[in-house]
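Heads up, the next two complexes both have chain A, just with different partners, chain B and then chain C.
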Partner chain A sequence: MSFPVLTVNELAMKFGTSEVFKNISFSVARGETLGLFGKSGSGKTTIGRCIVGLEKPTGGKILVHGEDILSMGKKEFRKLRPKIQMIFQHPETSLDPRMKAFENLIEPLKIHSGLKQDSLLKRGEELAELTGLRPEHLVRYPGHLSGGEIQRIVLARIMALSPDFIVADEPTSMLDVSVQAQILRLMQKLQRETGVSYLLISHNLEVLRKVCHRIAYLENGTITSIENINRGIKT
Partner chain B sequence: MSLLEIRGLSVEFPAGENAVKAVSNVSFEVEEGETFGLIGESGSGKSVIGLALLRLLPESAVISGEVIFQGQNLFSLKPSELRNIRGKKISLMPQNPAGALNPVLKNGLQIEEVFEERRVDKKEGMKRSLKLMKKLFLTDPEKLCTLYPHQLSGGMRQRLIACMSLSFEPELLIADEPTKGLDPEAKAGAVDLFTKIKKEYGKTMLLITHDLDLALEVCDRIAVMYAGEIVELNEASKVLNTPVHPYTKGLISAQPRNGLVPLRGQSPSRIKLPEGCFFNERCRCSGIECSKKHPEIKKHKGGWVRCHFQSLQ
Partner chain C sequence: MVDTMDNAFAKKLKKEDVLITEVYGSEFSKRLFQRKDMLFALVALLLFTGLALFAPFISPYDPNANELRNKNLSPSEDHLLGTDYLGRDLLSRILIGARTSLSIAFGVVLISLITGTALGCAAGYYGGIVDEGISRVIDVFLSFPGVIFALAIMGVLGRGVFNLMLALSIVQWAKYARVMRGQVLSIKKQEFVLSAVTSGADDFYIIRRHIVPNAIAPLIVLATIDIGHVILSIATLSFLGIGLPADVPEWGAMLSAGKEFMRTAPYQTIFPGLAITFVVVIFSILGDGMRDILDPNHEGGEIY
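Take a look at the complex of A and B:
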C-alpha cells in the first residue's frame, strides 16, 4: 500500500494559553503542490515549522510516508530529516553570510552525502546549473546577491538532498514580480523532474491558484475548506 | 517649474578594480502635487535614486548629475544646509518598516526623537503626531506609543513610519517599497494610506515600488527602470495598460493573473554592461541593431521609450 508523502492529522498548537490552531488535517501526494492560504498571524508558518520538526505541536500526528515523526527518536528523525526540507520567507537570512554562495550550496552535501571532494564539487556545479545559477553568482557572498539569486541557492541546497517534501513558506513574497515568476516556474520544473511535493504557504491567492493543485484555507485556527484547482493531478 | 528635477544622474559603486554601474544617466521631473512612480525589478537602481537624491549613499559611491529641488541643486549644498532639507522638506519612508524602527525603544519615544532632533517642543510634537496617527487609520494611537515595534503588525509599523515621515509636512515624500512583504489586507491598507496622503495633504510623492497594482492605483506618471536606466516613462495607466517597451510588457505578463510568464534570462552584469540594448539578451523582439547600438530614449505617444523596436519608428 502506498502512503501519501505527508499526512497531517488533527494537528493542534498552543502557545501558553493561547490556541494558535487545532484540528488541522490534510495530506499531500507525491508530485502534488498543496497551497496553504491564510492571513498574517493565522498560524500558517507554525504549521510548516511543525512539519519540518522546528516546533513541537501540542496535539495530533504528522506522518511522513506513513510513519509518525512526532513519536520518532532523535536518531531516527535525523535520518528522515534530509527528505523534508523548508524554504524560508526571508531569503537574506536563509544563508550563512560568512560563506560564499557555492560553499553555502554544497554544505548539506558535506554533512549528509559522504561524497569525496571531487564528486562533491561536481554535484554542486550540477545543482547550480539545474537552478539557473551562473558561475559569477557562486563566488559571491550572500550580501552581494539579489533575493532571487539567494532563493535559487536555497533551492539548489535543498535539491542537493533529493527531498520528497518541501515546505515553502512565502518563498516569493519578498521578491519582485518577474523574479517571483522565475522562482515559481523553477519550483514547478523541479517538481516535474523529481516528483517532489510542496506545501506552499502564501497569503497571495493569485499565486496559489496559478501553481497549486489544491488549496487549504486556514481561518480562525482551523482549515475551513480544501479547494481542488483541478490541474490534472491525483489528490 | 517642477518641484524636483533629476538631470543625468549616474551612480557607480567601486568593486575592486571595477565599478558597478547602479544608475546610468537618469533624468526625470516631478511636478508639485504629483505622485511619480519608479518601477522595475530588484537591483534596477530604483532605491539608489531615492537615497542618492538625499545624499544618503555611502561615501564610496561615485555620483554625477544634478538634483534640483525647488531651484536648488542638492548636490552642491553644504551638509548643514542639507540637514534643513532632510526630514523637513524631503522625507524618506525607508524600505522594510521593521528594520527602520529601533527594536529596543518604545514607539512613542521614537516619535518624540523626531521632534527632539529638530528642537521642536516634544509635547506639541506628540500632539501633532497623535492627530496624524488617527488620520492615517491608526486606532488608539496613545496605546500604540506604549508598545515596542515588534508588537505591531507590518501594516501598523508602516503607518507609524508614514506618520514620522509626515511630522514636518514635507514638500516631497519618498516612499521606498512600501508594500514589500505585506499581506493583501495590509497592501490594500497601504493603497488607502497613500491615496489619503495624496488627497488630504496634497503631497508630492516619489513612489519606489515593484508592486504594479499599487503603482497603477496611486501614481500619476511612472518610469520603468531596467539595469540602471529608464526604459519607459508615461502616464501610469498608459504604461501599465498599454505598455510599449518589451521589458514593461514582460513585467506585466509575469503577474500571476496574466499567466505568471517569467522573463527569460537574467539582467546583465552591471560591471560590464552590453554594448547594445541592455535588455537585448532577454528581449523577444530584438533585431540586429539591438545588439550593436545602445538605444537612446525617444518620444513616443506622449511618453518616452528606449527601444529600437520597429513598431516605434
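Take a look at the complex of A and C:
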C-alpha cells in the first residue's frame, strides 16, 4: 500500500488558553504542491513548524509515509528529519553569517554523509549547478548575497538531503517580483526532477494559484475548503 | 550530473576559497591591521608581557631586598624609579609586580569566561528547568557587590595567589553567563539554527558550530575589558590589605604602601599607579577594537 508523503490529521495547537488552530487535516501526494493560504497571524507558519518538528502540536497526528512522527523518539525522528525540510521566510537569517555560502550549502552533507573534503566539494558543486548558482556566489558570505541568491543556496542545501517533502514558508515574500518568479520556477524544476512534494505557505493567492496543485484555505484557525487547481502532477 | 556540470565550477572553485577554516585567520588579521590603535595597544601589551616574563632577569635588584639605609630614595641613576619605605627598588618591584598582576588577571578572566560561557550556553539553549536553575544561581552571584563579595571569600579562604584567583573568578563568572545566556536565547531562534535542527544536527553540533561562534563576540570584548578591571580589583584588594601576602610584589599593594608617603615621596604611588593605568588603558583599547572587529554590522565588516 502506498501512503501519501504527508498526512495531517486533526492537528490542533493551543498557546496557553488561546487556540491557534484546530481540526487541521490534509494530505500531500508525491510530486504534489499543496498551497496553504491564510491571513497573517492565522497560524500557517505554526502548522509548517509542527510538520518539521520545530513545534509540538497539542493534538492530532502528523504521518510521514504513514508513520506518526509525533509518537517517535528523539533519535528515531532525527533519522527521519532529512526527509522533511523547511524553507524559512527570511533569507537574511536563513544562512549562518559566519560561514561562507558554500559552507552553508554543504553543511547537511557534513552532518549526514561523512564525505571527505574533496567529495564534499564535488557534491556541493553539483548542488550549486542544480540550483543555478555560480562560483562567485559560493565564495561570499551571506551578508554579500541577494535574497534570491540566498534562497537558491537554501534550496541547494535542502536538496543535499534528498527530501521527500518541503515546507516552504513564504519563500518568495521578501523577494522582488522577477526574483520571485525565478525561485518558484526553480522549485517547480526541482519537483519535476526529484518528485519532491511541497507545502507552500503564502498569503499571496496569486502566487499559490500559479504553482500549486491544490490550495487549502485557512480561516479562523481551521481549514474551510481545499480547492483543486487544474494542474496535473508530473513526477 | 557531473558530466553536464559547467567547467567553470571545476576550474574556479577551490577549497581555500569556499571553506571558512582557511580564511578565518587572514580576514581577522586584515581587519586588525587596519586599526592603528589596536596595533599600538598590542605592541604595548607584548612589551608588558615580555617585561613580565623576563622580569627576574632584567630587574636591577632583588624586589624583596630590604635596604633600610636606602629607604624612600627619590628616582636616581642607581634606582631609576626610587625606593619604597623599606628601601626596596621600585622598578624591580613594578617589573615583578607586572608578572603577578597580569598572570592573575589572565587566569581569572579565562576561568570566568569558560565557566560563564558553558553555563550561560546551557541555560539559554536548553531553557526550562536548566535555565531556571542556572539563572537563579547567576542572580545570587550578581546580587553581591563584586569587591565586597571577593573580600568575604578572601576572608574565608585566606591570602594567596590561588585564593585570590578563585575569589575573583567566583565574583566574575556570573556576568559572562548572563551575557552568554542572552546571546544564546536570541541566536537559537534564528532561522539558520532552525535549519541545522531540521537537517538533523545534534545539540552538540549546533552549539559548537552555530551558537558559540555567533554568540561569543561580546564575551571576548567583555573579557578584554575585564582584564583591566580585574587588575584594578587585585589592586583594590591588595590596597585593603587582604589581597596577596606581603612578600609578593603587586601593584595595588605598592600603591597602598606608598599612600603613607604621599607628601614626602609621591613617586611611590605615582609609578605603580601609572603602571595600573597604562595596562587598563591598553586593555580598554583592545576591548574597544575587538568590539569593532567582531561586529558583523560594523562599517567595513565582512565576515563577522
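Here is the rule we use: the second predicted complex is superposed on the first by the 233 of 235 C-alpha atoms of A that agree within 3 Å, B and C clash if a C-alpha of one lies under 4 Å from a C-alpha of the other, contacts with A are read in each partner's own complex, and residues count from 1 in each chain.
One rule holds for everything that comes next: contacts are C-beta pairs under 8 Å (C-beta built on N, C-alpha and C of every residue); 3 or more make two chains touch, one makes a residue touch a chain.
Worth saying up front: this structure is predicted, and the values here are computed from it rather than measured.
Asks: Clash or fit: chain B against chain C, after overlaying the two structures on chain A?
Replies: The answer is fit.
Asks: Once the two complexes are aligned on chain A, which partner has more residues of chain A within touching range, chain B or chain C?
Replies: Per-residue touch count on chain A favours C.
Asks: Using the superposition on chain A described above, determine whether A:I111 touches chain B (first), chain C (second), both, or neither.
Replies: Second partner only.
Asks: Output check: A:V154 vs chain B and chain C. Expected answer is one of first, second, both, neither. What do you get?
Replies: So A:V154 only meets chain C here.
Asks: For the overlaid structures, how many degrees, to the nearest 10, lie between chain B and chain C at the C-alpha centre of chain A?
Replies: After superposition on chain A, the angle is 70 degrees.
Asks: Which partner does A:R134 contact after superposing on A: first (chain B), second (chain C), both, neither?
Replies: both
Asks: Applying the document's definition of touch, where does A:R98 land relative to chain B and chain C: first, second, both, or neither?
Replies: Once the two structures are laid over each other on A, A:R98 reaches chain C alone.
Asks: Under the stated touch criterion, which partner chain does A:E206 make contact with: chain B (first), chain C (second), both, or neither?
Replies: The answer is first: A:E206 touches chain B but not chain C.
Asks: Closest Cα approach between chain B and chain C after superposing, in Å?
Replies: Minimum over all C-alpha pairs of chain B and chain C: 7 Å.
Asks: Both chain B and chain C contact which residues of chain A?
Replies: Residues common to the chain A contacts of chain C and of chain B are 89, 134, 136, listed in rising order.
Asks: Which chain C residues qualify as touching chain A in the complex?
Replies: For this pair, the touching residues of chain C are 1-2, 4-6, 8-10, 12-13, 15, 17-20, 23, 190-192, 194-202, 205, 209-210, 213-214, 296, 301-304.
Asks: Which residues of chain A touch chain C once you look at their complex with the stated criterion?
Replies: By the definition above, chain A touches chain C via 52-54, 78-79, 81-82, 84-86, 88-90, 93-104, 107-108, 111-112, 117-118, 121-122, 124-126, 128-130, 134-136, 138-139, 141, 143-144, 154, 157, 161.
Asks: Over in the complex, which chain A residues touch chain B? Could you list them?
Replies: 39-41, 89, 132, 134, 136, 146-148, 173-182, 184-185, 203-207, 209-211
Asks: For chain B, which residues count as touching chain A in their complex?
Replies: 40-43, 153-154, 180-181, 183-186, 210, 212, 250-251, 254-257, 260-263, 266, 269
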